[in-house]
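In what follows, subunit A forms one complex with subunit B and a second complex with subunit C.
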Partner chain A sequence: MSEMKKIKNLKEFSTSADRFEGANLLCPGCAHSIIVREVLNATNDDLVLAASTGCLEVCTAVYPYTSWDASWIHIGFENGSTAVAGAEAMYKALKTKGRLKQPDRNPKFVAFGGDGASYDIGFQWISGCMERGHNMMYVVLDNEVYANTGGQRSSSTPIGANATTSPAGRVSYGETKNKKDIVAIMGAHNIPYAAQVAPNKWKDMVKKIQHGMEVDGPVFINAVSPCTTEWKFDPKDTMHLTDLATDTLVFPLYEIIDGHELNITYRPKNVIPVEEYLAAQGRFRHLFKDEYKYLIKEWQERVDANWAYLNRREEARV
Partner chain B sequence: MAFDKMELRDIEVWDGNFAAAQALRQCQIDVVSAYPITPSTPIVEGYSKFLADNYVEGEFVMVESEHAAMSGCIGASAAGGRVATATSSQGFALMVETLYQASGMRLPIILNVVNRALAAPLNVNGDHADMYLGRDSGWIQFDAYSPQEAYDLNFIAFRVAEDHDVRLPAMVHQDGFMTSHTAQGVYTMDDDTAYSFVGDFKPMNDMLDFEHPVTHGVQTEEDWHYEHKARQHNDLMTKVPAKIEEAFASFEKLTGRKYNQVEQYDMDDADVAVVCMGTSVETAREVATEMREKGIKAGVVGLRVIRPFPFMEIKEALEGIKAIATLDRSSPNGAAGMLFNEIAGALFNSDTKALLSGYVYGLGGRDLTKKHLVDLYTELQGNVDAGKVTTPLQQFIGVRGPKLQFL
Partner chain C sequence: MANTGWDEFEIGAMLRTFEGEAGDIAGTLQEDRNYTQNSSFSASVADWRIEKPVFNKDFCIDCQFCWIYCPDISIISRDKKMIGIDMDHCKGCGICVEVCPTNPKSLLMFPEQAEEEVEIANWPAKETKEK
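Our next item is the complex of A and B:
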């Protein structure tokens, strides 16, 4: 049986025992550490963790130090998912063979990766893990950019963002491609659970993580992770940015059960115009020039259309 | 559910792939994470069939690429159990990133490599291009020349790799098709005897020991990276050979079959010698015997352990030899062949007066015939008689079109 934490309020949550230490090298204001703590703190069970190469990995396991008080592995950029899948296979083998050292435990297998590692270079590896039905969870720390290598566009980078490989310039508004809809793609693997989460809505997130840890089979989580360095906002505003992301519906919070049952899990009381989300970030500053203002209008239309699409799916149970 | 044991005849007729699959069954691998590629596919197919028939207990993870296959092996091995897989050629090339990661993380994974050419042009047949690609990856590399050796060397590989003083992954090579798909008589061990040679897997720094969490695969920059790499290399060079010798000796005691890091044939009084690997060693041995009938004192040196390279044993085997030919079955692409360089390196500071010449042969599965080797030994004797190398430094055996050579 899984042992999930019963958390009533934020104070209780913030003071619960950590298996991810505050001693790490992540930027001040980085949302990664907040998300990781929220994931790990959802359970009291043992953990087998992996990280793909990226900000989280290079900032938390620099020899001879580690920020992880749980078994943890990093192999490369593309294979954090498969690292955990291999460990999960070994767990099953040793369980069958009666060779587990602590046979009464109920470990959870969780891999973390950035959007570069997940939307791009590790996409095939994650798809393989989801398709094969490993009992594991994959969590994307989605900051919409290759932050660890200094701000190159990924297939998660949204239209109009200024990235070092899709820079805004005299004749360019920056990134020209739409963000890949990875939750829909992973949901289409007909896995038991796929969800989008945000660290500001911690109750929603913990509920989803706990549900994901309780189901038998692969689980995919996409977590919005505002990046103070590349999105260009004041480190103290991380949670404000996350609020804007969820309440403008740029990052709607929902879940997909068994590939077809979509539930919207957060409906903002007051939906904020997308323009406010864009205006809060340096990466979109150039969109406020007269010649690019049409892009802000298009942004709003895209977000509205996506919200309508999610609502239609929820209503139709597809 | 306990697994069933398999009754084997004393001698079975197996090809190299099935011999390797049987060895994996008898070692009771906990996890095989694999992706199919010609000509190595039957090894992992064999394991999955043994699993389906309850002749082994474990998990077979059929992944979506060779990179994922080795990634899964790394995760499984770090979790704490016995792990193996197989690949060839392009699959091996796709794995290369993870090969370095596996050895750097000191994980004792066994990889059966059924040697095959590397594209382009695409080719499914045996040469040693993939084997050569692995030689700087930090793995131990054993070379089998026959199905019997593919069977035996798997047990030896597990025993050495999993030793807590070693903790390095190992490859067992065999030639694509020539060994992997050619059935021969193989002396078997019964299941209990075979398993007792490798013994139970003894985990170390296993992720599944929840009382002792571990961190695998850390970041090190200029402050520590060099120490890790240097120590890994030093362990390969100084600790591994003794462990291999120990495993060879125990295996001989158990089965009567004797292995050496460098396999010598008629080398005691030889004037001329061929150094080669894989199935060519057997062909060269036949021809060497025939050359002796013609009055040429010919010998053969086969490399059994490619990494760590057995410098002392090579030096010893080639002591007093007058002319040596190295046979590289991989295009050096802009240098002398690997064997040429390694042999030259091993002999350079010795008292050798040997005349060394290099040959490239058999690319993409082109046959090396006895006639080729007769000509080669004759050339070596010509060098001995002339007291100098009369042939080019590098020649190509059996290539069509104009003669290609270098220097």
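Our next item is the complex of A and C:
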């Protein structure tokens, strides 16, 4: 067992040697690579990585280039999780047979997927991996839309958002279905660790990633990733949007241990009204018209109810 | 390899990031690595930029916010000090300028054709807060 990388502060963290390269083709200001960097830099161990089809996969493996400095595989839209699970099963088998060439090394198995690949298309595959108990980590880069193919709605798209398959206009206010609560679903698999993270709270994120890499068993991480193209905001405001997402409690940061021990890991000092989060994004612009204003109130009520629910779960340890 | 056309590319082939044996990559800094032409590190996206960040080290407090929040690994930090910007990989998004906490900011965006020395000489003064 190798030692956990010690990261006390940001200065210490900044001595990490990145294993993700620039000149990938992600949009300027994309939060995907910020999240990927924070995950990869959280450990010094070898990495076995996979990605489901999505922005990250398409933009980091454009022939003849690769942006990854570790073993990386892509197969299909749905099976980033099972690709890594297969590699992990083989590693375990070779270890039992004593046929590993470098048995002292302690590789970590991590799969990345967008919200489309995780909430919709690869859902059954991820559920299978969690149920079979592979020693792996699955990280969702949740930008709430199929950004790579032109902004179609996914089951992660929240109510009121304007997406190309649920456009807002005279007839409709955009997406009408509520967002799927993926962390609770994965927590209900009774896996050792499920958590929601945000790239702006890097310390919280690194702590959760390191914990997830240490535990034996499947780990599920949901990371909020503001999308400058589809959420329609200026690229320089990515971190501002992430701050708004965590401080309005639209993306509360919490963890679920063994499926029943819920801990809220970040409580904002000043909770910001959800209206500010909605106002910062072009995809919610139509909500500020008179006929749709009631939706903002509903948004706030929904966010408050979810926060109260999380607090109740934390208290009751269920 | 880099000049092979898409139809000459072997199905299921691997792209190797490093020449020869790659040992402890997590312990090797970028300047010491032996990249192949297949790593996107060898490529450049400098032509994406309309505006570029300019770094004025006089005001920098080495907080490393720009390093952690840079999406393109373009902030070069060595020995806990911010030493410069990798202009081959910077796409000019401006996140580093937004997250810079100093007053005046030690990173500012300027048009791509601006002269770095001139802009640093004319750096804005400290802003005083009006009560």
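We adopt the following convention: the second predicted complex is superposed on the first by the 312 of 318 C-alpha atoms of A that agree within 3 Å, B and C clash if a C-alpha of one lies under 4 Å from a C-alpha of the other, contacts with A are read in each partner's own complex, and residues count from 1 in each chain.
What we mean here is this: contacts are C-beta pairs under 8 Å (C-beta built on N, C-alpha and C of every residue); 3 or more make two chains touch, one makes a residue touch a chain.
For clarity, every value in this text was computed on a predicted model and none was experimentally measured.
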{"item": "Subunit B versus subunit C as contact partner of A:Thr66, first or second or both or neither", "value": "both"}
{"item": "First, second, both or neither for A:Pro107, with subunit B first and subunit C second", "value": "first"}
{"item": "First, second, both or neither for A:Thr238, with subunit B first and subunit C second", "value": "second"}
{"item": "Partner chain(s) touched by A:Val48 [first = subunit B, second = subunit C, both, neither]", "value": "first"}
{"item": "Which of subunit B and subunit C A:Ser127 touches, first, second, both or neither", "value": "first"}
{"item": "First, second, both or neither for A:Lys92, with subunit B first and subunit C second", "value": "first"}
{"item": "Subunit B versus subunit C as contact partner of A:Thr82, first or second or both or neither", "value": "first"}
{"item": "Which superposed partner A:Leu26 touches (first subunit B, second subunit C, both, neither)", "value": "second"}
{"item": "Doubly contacted residues of subunit A, that is, touched by subunit B and again by subunit C", "value": "46, 61-64, 66, 68-70"}
{"item": "Residues on subunit A engaged by subunit C in the complex (per definition of touch)", "value": "10-26, 28-34, 37-38, 43-46, 60-70, 199-200, 202, 234-240"}
{"item": "Contacting residues of subunit A [partner subunit B, same complex]", "value": "46, 48, 50, 57-58, 61-64, 66, 68-76, 78-79, 82-94, 96-97, 99-102, 105, 107, 124-125, 127-128, 131-132"}
{"item": "Partner subunit A, residues of subunit C touching it in the complex", "value": "1-2, 4, 6, 9, 15, 17-18, 22, 25-30, 33, 37-45, 48, 62-65, 67-74, 77-80, 86, 88-95, 97-99, 109"}
{"item": "Subunit B residues within the subunit A interface of the complex", "value": "30-31, 33, 57-59, 61-65, 67-68, 71-81, 83, 97-98, 101, 105, 203, 206-211, 213-221, 224"}
